[in-house]
Amino acid sequence: MLTVLLDGLAAGMLLFVLSVGLSVTLGLMNFVNLAHGAFGMAGGYLCVVLLNRLGLPFLACLLAAALCTGLLGLALERLLYRRLYGRDHLEQVLFSIGLVFIAGAAVDWLMGARQQLITLPPWLSGRVELGGVGLGVYRLFLIAVCTGLLLALHLGLVRTRFGSRLRAAVDDAVVARGLGIPVERLFAVTFALGSGLAGLGGALGVEVLGLDPTFPLKYMVYFLIVVAVGGANTVIGPFLAAILLGLVDVAGKYYLPQFGAFGIYTAMVALLILRPQGLLARAAAR
Amino acid sequence: MSALATEGLTRDFGGFRAVADVSLALAEGARHALIGPNGAGKTTLVNLLSGALRPSAGRVLLGGAEITALPQHARVKRGLARTFQVNQLFPDLTPEGAVGLAVLERQGLTGRWWRPAAAHAAEREEARALLAGLRFSAAEMRAPTRSLPYGRQRLLEIALALALRPRVLLLDEPAAGVPPGESRAVLEAVAALPRSVTVLLIEHDMDLVFRFAERITVLAQGAVLAEGPPAAIARDPAVRAVYLGGPAHG
Amino acid sequence: MRPALEAGFWLLALSGFWLMPEQLPLLGQAAIAALFVLSLDLLVGYAGVLTLGHAAFFGLGAYGAGLLAQQGWGEPLSGLLAAALLAGLLGLLTAPLVLRGGDLPALMVTLGLSLMLGEAANKLPGLTGGADGLLGVEIWPVLGLFRFDLHGRTAFLYALAVLFLLFLLARRITASPFGLALRGIRGNARRMPALGTPVRRRLVAAYALSAAYAGIAGALLAQTTQFVSLDALSFQRSAEGLLMLVLGGLGALYGAMLGAIVFTLAHHLLSEMSPLFWQFWIGLALVGLALAGRGGLLGLGAALLGRRA
């Protein structure tokens, strides 16, 4: 029971880090980016290569994965994404699905279709006994790291000038532009940050979520749920949504394996129908 | 019995009261204007009348029957049509096609899926005649709407409403943004509306209002500030203080 | 010139029967893909409703017709009808959930619903055969006369005939006042209620119609291959359908079919070299098409013809 709780919590935390960037893409630029998971995948593979082939320390790999995917995000935003702002959602959908296919094929070609495995450093593997229950050290590490990120993001959004501008822009991009907030530049930076976080999440998640070329498609639904349910101008909303999703998902797989992912898809549709306010309703009202 | 009336119509957005307790009555065939400074709640009021928005309180009556709960399209079927302050046209359709669509809709035919639209000759002919009456050339009728000059598009905006043969017509700033050279056609179209149509004109342009309207309602901060014939409104000190801000008109 | 072009299109399609006798199964696939894209065009191209889950209807039609035949009723035409009714009914039931206003809810709800259906089929191996696919589908001769043969001759002609008839119907519908109203809704959804159009009701009808078309396409696949796999319900199928549609040109029935045919043939040629290669190119094509904007092949053709004229 406690194990399930811990696993669910860790998975939820990962989902949060992976998807928080998407809430800004959707919320601020009203851009349907189905390729967000590709950044997570990129981070995951970077981490695997650096760790397994070059033998760098795990923490350095995480940092490198975050930085590189952040830069990759920035480059793609400036080169490609920018051209599709304000265009049809259909075109954005096609574009981002195309990116997912390209990324999947490229990764498959370079690394093969098999699941990637990493060897965690000794200080992160094993279990600790806590009140008679064995808890995975890596799960605890994940929860600690992600909680740290959550706090940093929350404070960054609430306390800094960048954060207040970002919130204003997400609330109403037109008014924000009128106030002289450079929405496009703000978005480029945020996109890079979101991609970097996704890369970090992908790297952290290799051990928990798995990693293969289908990663972006497999988790696309999860990211969309987090964003749809969580809303865009806080980090708390997506965080709670991600935790809930992680718990439901892990519990479902643990207790009701015969239903597979059916439960999570049903939950998604039900939530979309029951709670259409928040991000979705606002995007629709535009 | 009024052609169009409201009783205590109110609409709140969060804590902001955009329309406050507005009661209006338009007699059959009236030429009524609604004026007021920016942000007075004119457009919100139009949206409440047309059904695009639901009121927080109050009632809307069309020909004496309550229509407060009816959706937009059902109000149109009962004879209430509107134009938009910002053009709401069909960029890819021709004026002929768009007005033809409106005529087909008036006849209740847009659920039919077998006989081609082009085979509905009477409706098409009616659309052409309507556009010709607004001095559209044959070439203009068959050009994609997006290629037409703004003044023509503004006229098409009115034509779409006229094709519905409304009993009550809400004209939301029909001349807004039309360059002076092209505005005469729009003004003529408004002046030529038959008496059988009751008109509520929402307008900024005082010349047009005082030329056209026989009664004027002044809205300020969402509430009715004054109502009366143009001469009385022009003399009203409260109206001049908040709105006209100068000597009496004319 | 137009009628001549149209006749040429269909004669060329039919001539495949004699010109490419070895490739008839592939051509049959192309006809089925064309019908699926036609169904997407009715919804996305004409009514302007976005979907990421149209495979749900395709798959439902495929499993419906497949199961019907497996359970002992192999008559093909009534199988198509059953699939159309089944898929249309699902469309009718889910339309209110999808058409809540805005592209994002539509995208996400359609995606969610199709994934639900796919996972349900996957987890009910007793009914659907699960990951092994539905086996034992036996189809009786078409009209009691034409037996399905190993070379796919009957299958191809059958699929092409169904495509042709449903194309005629789709053309009729899109040219009708109903079709005009759909174009109006896509052109300006705010104006339509002000013309008195019950927008929601029109869109629900379009959605159910499109669902029924997709269901027939799925049923055709099940009947002509005598097999149904989870593929029929996959996200890949929904996404590829959109690609074919945009490739051919939105809101044009010939464009939709052309896109499907070009896509299916290209798929065949490229994936023979390597499936990875194919996935890469399809991705690149999607990105390129999205960046280039609307129009597709048909738009390109029209532009070329226009320049020449």
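By letter and in written order, the chains are A, B and C; residue numbering begins at 1 in each of them.
We take it that a contact is a pair of C-beta atoms (placed from the backbone, for glycine too) under 8 Å apart; a residue touches a chain by one contact, two chains touch by 3 or more.
Not measured: the values here are computed from a predicted model.
Shared contact partners of chain A and chain C: not a single chain qualifies. Overall, the chain located most centrally, as judged by its C-alpha mean against the mean of all protein C-alpha atoms, is C.
Across the assembly, the mean Cα position most removed from that of chain A is the one of B. Note: centroid distance chain A to chain C, computed from Cα atoms, is 33 Å. Work out the mean CA point of chain B and of chain C, and you get 43 Å between them. The distance from the centre of chain A to the centre of chain B, with each centre set as the mean of the Cα atoms, comes to 48 Å.
Within chain A, no positions touching two or more other chains are listed. The touching residues of chain C, when paired with chain B in their complex, are 172-173, 175-181, 183-184, 187-188, 190-199, 201-202, 205.
In the complex of the two chains, the chain C residues touching chain A come out as 44, 50, 52, 97, 100-105, 107-109, 111-113, 115-116, 119-120, 122-123, 235, 239, 242-243, 246, 250, 276-277, 279-280, 282-291, 293-294. In the complex of the two chains, the chain A residues touching chain C come out as 26, 32, 80, 83-84, 87-95, 97-106, 108-109, 217, 221, 224, 228, 258-262, 265-266, 268-269, 272-273, 276, 279-281, 283-285. Every residue of chain B that touches chain C in the complex is listed here, in rising order: 50-52, 71-74, 76-77, 81-82, 84, 88-93, 97-98, 100-102, 104-106, 109-118, 120, 160-161, 164.
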